[in-house]
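Two complexes, one shared chain (chain A), two partners (chain B, chain C).
Now for the complex of A and B:
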């Protein structure tokens, strides 16, 4: 008796008569759904675009041609006065240092606060287990408010300068790191902690000796990542009056033609700094994770 | 010396430890046996105050140690050392630091953070490691050591506490037979030479027979056997483990030479001194 029959010779089982026809129907139905979704998507996209275009000052089609006008002017002027660039860069350098310092201080302060929020918000590690929801919501709120909003409020209250920027970035950092650190804490091996408990160690001793050695590489790695983000944030906050390189860049750009060489110098310097910080921190993070024998 | 009265621990509806009572008058070597889930570990954790009891009292020299709270409870923990199946050392710290952790209860938090340990404590820690034969590993990270060595570091940490009682929760369950013997011999030596009480949860009968002065059998949270190792017959073991006629303890025995005399370990310890 043959084990495999050609399709035409196979006895028809009840319900299995048109496997092929059934499958083709299924395919047609799937195609129809895909088509409907595609039509709805295109309709939404086109109508949305038309509303946005109507509410703009000029039409998109007219404006699109001019999108490169401003960069072209900046580049042309900077190129003509290329000799001035080093001088401008040297003059703006203290402002760059200020921006970097804002980022550094706010990263350090924010990460320390984030560590406390994370420890207080992790089940099994918290000093007051009842306060875990409070700690978590606190870090949620700190994280949810954008630093530019906090900075604007603080600048309104305290006046311009680096301090409002620092506080604003530190608050946002505390919230973000509180979340990241507490996820690291979730994976802590509890056995060393139990061992330390059994000798009668108090909470601080258990945390210092049992938790920190385990989580430190991850904490440092996330903190370096946050430093990269904070350098950019601190430059942006300069635009709203927080001092540093952002303020210099805004002054140069709003002055318009005649100062574009200065704007270009600042922009190049800022770009170089961000690339440098990113590269250094990613190199350090790699050596942190790989240098310890892949823990 | 130690008087355990009706100690009970309830998890949900499950009575993990159910009205356990026994009395010890001298610092002997006590083995607790029973199958997994019989409540052996929970009982040791109650004694060390890692877990709170639901009912009952444990009187040590007249004081109820289950009533201690906060600082007093931690102070009791420093006098009642515990050894774990998985060693529970801090893997990234070196061996001597791990041993010094035995002194944490008598060390201020600030001194701990700045890693300040008195010179005498450091010397004492190395002396203990020397006594246990692992002083050569002193500066290595704990995670770099073998299981048997890590367990001896854990015992050194316990000795650093200068405890009156050493609780050992399945101390040899994750070790090979050779290392298991070294660890058990060490515990016996500490019991005989230092006169410290040792209460150990054991998972093999031959270990219990060979090292213990008294064996307590637990089943479903209750004590079902309490006697000398000689009284621990195969029938008694079947009762403890709830096993039938097919139960054969030789099948899972980890002993290399079952005929070795129980006192030999102690004799070895004295000779090594």
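Now for the complex of A and C:
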């Protein structure tokens, strides 16, 4: 075993062997770190699972055997009453439209607010550069507050209906898009802006003609992704108290057995909507990145 | 190819360019119009005008006031002639006889309550007096019907709401409610009541300086424990704020996010190999696994949460599983895309040294994709912390459950505020943690492990 010399002496020693030994120690140390990280992770994961299992009403082992019981009941009942499904679907359709509208409006409003936050929070583009930290913190906080918190508080003040959910999702969207959009803004090519200001353009003209044409495809693409997320969020918020398809689903669920055909119809509609929105959005995003949308 | 012929100088190309510009202009004009029409439709269908009227601004005022202040009730039971001083009227927060605040003075049957700005209330047998510095004394006799005696003749001032069974005096200094069965006076204070120690604790009502002094003092207020340990115990077991339970709930929410996110990654990784074009053994398997991912993503967290909470009952495990199942679809898709972007050369290099299949994956593929996968997983960890709150509200676990309960009682707004602050802090902490881990693990991996 050759002696490993301190780094400063290494050039003077005959090379090959030392480099190899060095490499091996490095590899060994790195492997040890990886091993420690892995062990810590496994320990955390297993003990976390145990704690969760202990604090849960039903244990994992019991529940696992019964995971499919409920879907089976629903499918059997829906199959028996398959004739009712179109009727149930038609009845729940307005609620589905409401859920979609909540998602759509909150995406539009949130993305507009997010654009403002991002413009105000990017160095070089902001109208008031002093407010950049404020804009960034605002979007951080909007992003951190879960929708359910705002939605439930607003339901208390405004009563039920789609508006509390819409505002709640819009606030979160504004925060999330504010961050994503400002990352896009950071990559903006400043030359068109310089050109515009050299011909005397003011801030609005510079932003409208110099920034937006560059960032729009990315903005739209992120907004479409957000729409996919918001459709899900609006369905789930309906379940905890806001209106829409989530509320219908909860009603169908609370009636329990005998009403499962209604629940099945809603499940199917929700599934179809989510898949449809995802597919449409991914098709539109593809056409944006391929440049067809830009022409 | 565009041909510009001499006969029509620039003709076709120009016409085409003009046409294209025109189309662009039309789109630029149409987009705002469509948007406006859509928003107008929403304005009608969401009944925005109606909600402005229906919105109960009183509720908003109660909410804001209650979130930052608390009230102390001085309640006399008129039938049994007992006096109770309590925080927010809660039976768990009744001041013991010897610790009644000094603004409530008792003298035999008479109780004298000092409110702010020179207002005061006196309970004296069946006669209750509200002394208003601007108007004088309003005397209320408990009788059938109630008798209200005004200091000057004239109409009843609008801060008094009197009927045969009930008289309510509401001013900025406090509020007096008299019915035949009881007389109740509220006095408002800033801040969250008994946040650190409840009234069962010997430390209740200490100022910060007194608390600090007591913590280091050797005079034990509770003979069993040193003061600082007693403080920790009393804080943890605070019967009003229940810090211990809240801590567990926050922990459960974080746990749901952690188990769900990493569990999903563990499930998705092997499946992603089956769905990646360059690794899948068979096209049919690849197709099936991909459709499976799409299906799982389409079914969505809400439906999984409902199904799983039927099988596993309320609790954090159910929430964790709901996140796990939902995200395994998303991870499967993202991971398989990352695997498709790997470079074959590294794998071939490893293969040329005589490595078997497992070694090829371990040394040829994993080092390439690990940074990408980890950073995606860590991004999800932060957003799942937020999802865990809402899933907790559905399955009945974690801070989401406490939050919905506190909101549904519509009186514990200070607790709602407390939980909201904790949730936001948790999300920010998870965000920072995942950012830190991302930098640590992925930068460290740059040299190829």
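Convention: the second predicted complex is superposed on the first by the 233 of 295 C-alpha atoms of A that agree within 3 Å, B and C clash if a C-alpha of one lies under 4 Å from a C-alpha of the other, contacts with A are read in each partner's own complex, and residues count from 1 in each chain.
Going forward, a residue touches a chain if its C-beta (ideal position, glycine included) is under 8 Å from a C-beta of that chain, and two chains touch if they have at least 3 such contacts.
Everything numeric here is computed off the predicted structure, so don't read it as measured data.
J.: Give one of first, second, both or neither to describe whether A:147 is in contact with chain B, with chain C, with both, or with none.
T.: A:147: touches chain C, not chain B.
J.: Once the two complexes are aligned on chain A, which partner has more residues of chain A within touching range, chain B or chain C?
T.: Counting residues of chain A touched by each partner, the higher count goes to C.
J.: Examine A:200 and indicate which partner it touches, taking first as chain B and second as chain C; both and neither are also allowed.
T.: In the superposition, A:200 contacts chain B only.
J.: Just to be sure I read the superposition right, which of the two partners does A:283 touch: chain B = first, chain C = second, or both, or neither?
T.: In the superposition, A:283 contacts neither chain B nor chain C.
J.: After lining up the shared chain so the two structures overlap, which partner does A:162 touch, if you call chain B first and chain C second: first, second, both or neither?
T.: The answer is second: A:162 touches chain C but not chain B.
J.: After lining up the shared chain so the two structures overlap, which partner does A:274 touch, if you call chain B first and chain C second: first, second, both or neither?
T.: Touch status of A:274: second partner only.
J.: Let me test your reading of the model: by the given contact rule, A:239 touches which partner, first (chain B), second (chain C), both or neither?
T.: Touch status of A:239: second partner only.
J.: Please write out, lowest number first, the residues of chain A touched by both chain B and chain C across the two complexes.
T.: After superposing on chain A, no chain A residue contacts both chain B and chain C.
J.: Touching chain B in the complex: which residues of chain A?
T.: By the definition above, chain A touches chain B via 189, 191-192, 194-202, 204-205, 208-210, 213-214.
J.: For chain C, which residues count as touching chain A in their complex?
T.: Contacts found on chain C: 20, 35, 38-39, 42, 45-48, 51, 54-57, 59-60, 63, 248, 252, 255-256, 258-259, 262-263, 294, 297-303, 306-308, 310-318, 320, 386, 389-390, 393-394, 396-397, 400, 403-404, 407, 410, 416, 420, 423-424, 427-428, 431, 441, 449.
J.: Looking at the complex, which residues from chain A come into contact with chain C?
T.: Touch residues, chain A against chain C: 30, 34, 37, 41, 44-45, 48-49, 51-53, 55-58, 60, 62-64, 66-67, 69-71, 98, 101, 104-105, 108, 140-141, 144-149, 152-153, 156-159, 161-163, 166, 232, 235-237, 239-240, 246, 249, 253, 267, 270-271, 274-275, 278, 295.
J.: So in the complex, which bits of chain B are touching chain A?
T.: Touching chain A from chain B are residues 48, 50, 73-78, 81-82, 84, 86-93, 101-102, 104-105, 107, 109, 112-113, 154, 157, 161.
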